[in-house]
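What follows is a pair of complexes built around chain A, which joins chain B in one and chain C in the other.
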Partner chain A sequence: MKKTDPDLLLFHAPLLRQGMTTPKAMRDVLYALAPATAASMWFFGLSAALILGACIAGAVMAEWLFASQEARGESLRDASGILTGLLLGLTLPPGLPLWMAFLGGFVGIALGKVIWGGLGHNLFNPALLGRAFLLATFPIAMTTWVPAVSDGGFFQVYAGNLALPFMQAPVDGVTAATPLGMMKFEQEVTPLTNLMFGKISGSLGETSGLLLLLGGVYLWLRRDLDWRIPASILLSVLIFSAILSLVDAVRFPSPLFSVFSGGLLLGAIYMATDPVTSPVTPRGAWIFGIGVGVLVMLIRVFGGLPEGVMYAILLMNAATPLIDRYTQPRVFGRGTDSK
Partner chain B sequence: MKKNEFHEEFIKGIWRDNPVFVQVLGMCPMLAVTNSAINAIAMGMATFFVLVGSSFLVSTFRHLIPKQVRISCFIIIIATFVTIADYTLLALVPAVHKELGAFIPLIVANCLILGRQEAFASRYPTKLAVMDAMGMASGFLLALLSLGSVREILGDGALFGMKLFGENFEPWVIMILPPGGFLTLGVILLFFNWFRLKKDEFLEDVAAAERGGN
Partner chain C sequence: MKALRFLRRNFEHGVHPAHHKQQTADLPIQRVPFGKHYVMPLGQHIGVPAKAIVAAGERVQRGQLIAKPGGFVSTGLHSPVTGTVREVGDYRGVDGRFAPAIAIEADPFATQQVDASAAVDWQSLTLEEFIEAVQIAGIVGMGGAAFPAHVKLSVPDGIRIRHLLINGAECEPYLTTDHRLMVERPEALLEGAEIVRQKLGAEETVIGVEMNKPDAIEIIRNHIRPGDPVRVVPLKVKYPQGAEKMMIKSVFGKEVPAGLLPRDVEVNVNNVGTIVAIADYFLRGMPLIERVVTVAGPGVSYPANLIVPLGTPVRDVVKFCGGLKPGSREIIMGGPMMGRPIASLDVPILKGCSGVLVFTEEQTARRKEYPCISCGRCLEACPYFLNPSRLARLSKSRMFDEMRAYHVFDCVECGCCTFACPSNIPIVQLIRTAKDDLARRKEPDA
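Showing the complex of A and B:
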């Protein structure tokens, strides 16, 4: 019997308690994402809410289905499934059929987390794994972008959203290229203010750079994320694209465009910093971040895809155990050559 | 008793010792050619023919094959049947033959076939060896077919080339590609292991209840 208001509390050491627990950290990330989520609903209306809801439902359902009888409540309470669903939803195009969003959330948790042994054991970021699965499975639906809704059209749902399960989305007349797509295939630059405040086509969460940064600052103040990772990603992208735009300013995007376009901010702040799938050592965090930044630019500039944040982070996730192994600090009192 | 033994040798290959789901043998054709049900059947039939034929020959001549060179003898016998299967498929169903490509000659290297010769056919009488080969080959065929059906239904919305869901079906591209093979096989293995776990638990419960009753 646990008393909620005991007269006398008896503890054994350690007596110093830290307020930070996994559910709290997860909830902090959810709060940090709230502005960007609200913005996605502002720009894409009810569709955004529906897609995010479908992703979260899929993720939570997988959590519930594959949990053992005893752990069933536990894995739902720490909110990590909800966070995975939300993050996945923010990387999806607004016109995606809802059943695909649900499937993505389900696969992300099932193949990205549960199969590895649950929270804290996975090698890859579950949300990005779900997205990679969707991109490989439905390449056309995942790269069909619709323009943001016009003013006052909140309750207007994109026709693609309501496709029946296993059926194709009806062909929507209006599609729009993302800023990165326009840059890559038409050499057309989107103004920076649009990239910062939204009002561009793209996935749900990547339209407003400023709100994503705001959430990042909140997380940094709450000490929920390792600032080295986003800092090194953004810095390496800045430097890489500065060099490129010095070489040829017409063909290659400007540094600020590179940082604010696509899913870079979303990926750098919320996905690369996932404590489970990123290195724990400070030196490792720098190596990880630089690796992600360089890979992003390599894929964007020299690869066939306009956007490379997802694959860059997944590739560096795979390298994380190796990075951790080679950046272990020397144990005090031992030589450098001993293990 | 004798009849029961025959029966047992056949059944074990289909379920208890299924070459794919339990022994995890023959992965190469399993993952490579199961992107449609018809390919899976063709591959399964070819393997069936090769396995039963070579088990028959190996078992018949098991006293004549010198122990020191038995592997090369097995391979020569297997390769003979694979060549027959290769030309038969080419003559009867050239389209499927083209689709399967290099994987028909590669039946020679299927560890399931060589494994059955080494483990069973070279030690047991011909009748049992043929029963065992038929059981194993049927198990392999069923496994290929189940994988091929799942991948064709999801990846193409069709089964044996017939559309199941109408024109608007959204194909799961990944299922036709190699990752789909790994994913489907993984999910089926997951199901098999879960089933065995549940069965063991059930048997333990029954045993415990009986002990308690006594």
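Showing the complex of A and C:
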């Protein structure tokens, strides 16, 4: 008998899918960061491009080196390594030696992602782990801030960038304190408009609050980010600092200053929202965000460092599995009994 | 906020697949010509299979009882054609397994008329007689689950049904059978609804229809006589609006407690097709021997809404629709979200089969699976507020017992999580595997 029927497949329903895929979601974050990345080059010139490039190169190198032969192409194609490199780069000071930036990217992926089992399995945000490594290893270079490019134009490169590995970095003639540093150590408040538009000293990506918010709105519209996390972080920082500034308006920063200064927006919108390292449940997201916000303020106000976003997020990353466990959603038809 | 939610007629979560109904939404229901071979599996409903009461060589009339219920959760079977019983034996079913079935050869010279005098005066029946009649008539839930209708209608003492809810959501993409029934046979729908409403002693009939069927909503509304306790409720277009507990939430704002049934919130839910089948039996004497099937999908030459006698091989149905287009790779019985793939064109159309959908390479291409990044899209999709991400992880590690604590048995397998997953993780399949394993391990004790 002649066979005329097609060979039928037996894939199980649902056969339909919405269009989003994980690599697309990763790329969306890259697009969302594009304005802030461009701004970093505008403010810090070629140095910004070099540092970001070095971080991405380090991250991708680690991905490539530690991936198995057959998974090699894939782990690069899902863009998560590039994203980690870019995020790390945006948290670094513009005058950092390039070899340190490269090392940070490499360590971030190697210790922050690969040893956990790769994408989706890590406990800590790889970019922030890379930064924590750099801060612990090179404390001086990591806290030397330079002013934004003014006279030299785009092609000016900070002297510090070109330091050779393990050699004493040449010191830039001019350094400038960050707004948080000025606040903490000199009680000097930077005007809010400067914080919004970026004419301040600071890490590459944290300078323009508005562009960071813009990217956040894009991610929210694309449903790539859990809005509860940035909302709860920013709200808790606002409330905490409002209370503090009621107590003593000179010693403690104003609420808006707290939100727009330092790496808070960068951290709240792009790092704390890393889906892998933040709680998956809605209530967990609120708890996580409030925890980050409170820790940020505690470190900023009472700690030895002017900035605390990185440690706040890393600490809450560690608490994520526990938060997830105790915040399971209320199941349909089960009253308030969630267990 | 609460008032607004009531206006929106909605349940929370769910997904929005493209509905793909334009292929067949405006095509009138046509009757498929009678073929030659028919296969009636004895277990085409949920529950105990029916018991055959005919033997090979026996002559049967269209509509004649050929198998009686095998227990309470079981229904009768009737011959879909006038002809001769060829064999009572094992035939391949939808799931690929062989199961007992009655094979009938149609008589090419018979008129294939149903004896209309078999109609029953439903008003004179007591509730028990009525329920038994529904069972003998073989009527099951026509939305896809094929749960015996009489079991749903048997309400234990002490429970009152106040609302008869008729499910015309048809939230599965591609399917248009309930849509066409509502447009073409609104009288039968309202007659059947009145029969059931009176027998249950319910106060009102509510017909829930998704807003993407405005013609159906209007036509039913035009057929409701003033004073009739019937209202049509337009519902938001969202999957799975037609899941009965979701629909109860949308229409009445009540959550059916987990583990309980709609009747526990004083509601009885029936599909449009089921209600029409009840009207056809009591008013026109026709038991459940045929049903409306949507044949659609990118692989079908001429999509259609068809009345198909039960037991007709899918092959005949597809042939009537111009055959499969080249490149057809998969045939789904039911809808694309919850339906089942069939391995052979010889599988017969069953009572619960609302659609025959043919898909091509594009829908069946292998999708690369990425690791779960805990993005939470499945949590936002799950209408039961489960944590599919966690369930899938546990299932992958074969930690099935731990899944009970995450209420794996509350899952209705609607597939929203899998639809929403950007990492293409087969979440609902993983959950099904776990449920199957857990249910099977219980057996040795019993």
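Basically, the second predicted complex is superposed on the first by the 315 of 339 C-alpha atoms of A that agree within 3 Å, B and C clash if a C-alpha of one lies under 4 Å from a C-alpha of the other, contacts with A are read in each partner's own complex, and residues count from 1 in each chain.
Criterion: a contact is a pair of C-beta atoms (placed from the backbone, for glycine too) under 8 Å apart; a residue touches a chain by one contact, two chains touch by 3 or more.
As the structure is a prediction and not an experimental result, all values here were calculated from the model.
Asker: Comparing chain C with chain B, which touches more residues belonging to chain A?
Answerer: C
Asker: Applying the document's definition of touch, where does A:Thr193 land relative to chain B and chain C: first, second, both, or neither?
Answerer: After superposition on chain A, A:Thr193 lies in contact with neither partner.
Asker: Which partner chains sit in contact with A:Phe166 here, chain B, chain C, both or neither? Use first/second/both/neither.
Answerer: The first partner, chain B, only.
Asker: So in the superposed three-chain picture, is A:Pro139 touching just chain B, just chain C, both, or none of them (first/second/both/neither)?
Answerer: After superposition on chain A, A:Pro139 lies in contact with chain B alone.
Asker: For chain A, what residues appear in both contact lists, the one with chain B and the one with chain C?
Answerer: Residues common to the chain A contacts of chain C and of chain B do not exist here, since the sets are disjoint.
Asker: Could you pull out which chain C residues touch chain A in their complex?
Answerer: Touch residues, chain C against chain A: 15, 17-18, 173, 245, 255-260, 324, 328-332, 334-345, 359, 363-364, 367-368, 370-377, 379, 383-387, 389-390, 405-407, 410, 415, 418-424, 426, 428-429.
Asker: State the interface residues of chain A toward chain B in the complex, per the touch definition above.
Answerer: Residues in contact with chain B: 97, 100, 111, 133, 136-139, 141, 163, 166-169.
Asker: Where on chain B is chain A touching in the complex?
Answerer: Against chain A, the touching part of chain B is residues 157, 165, 168-170, 172-175, 177, 179, 183.
Asker: Considering the complex alone, what residue numbers of chain A touch chain C?
Answerer: Chain A residues touching chain C: 5-18, 20-25, 74, 78, 118-121, 223-224, 226, 275-276, 278, 280-282, 324, 328-335, 339.
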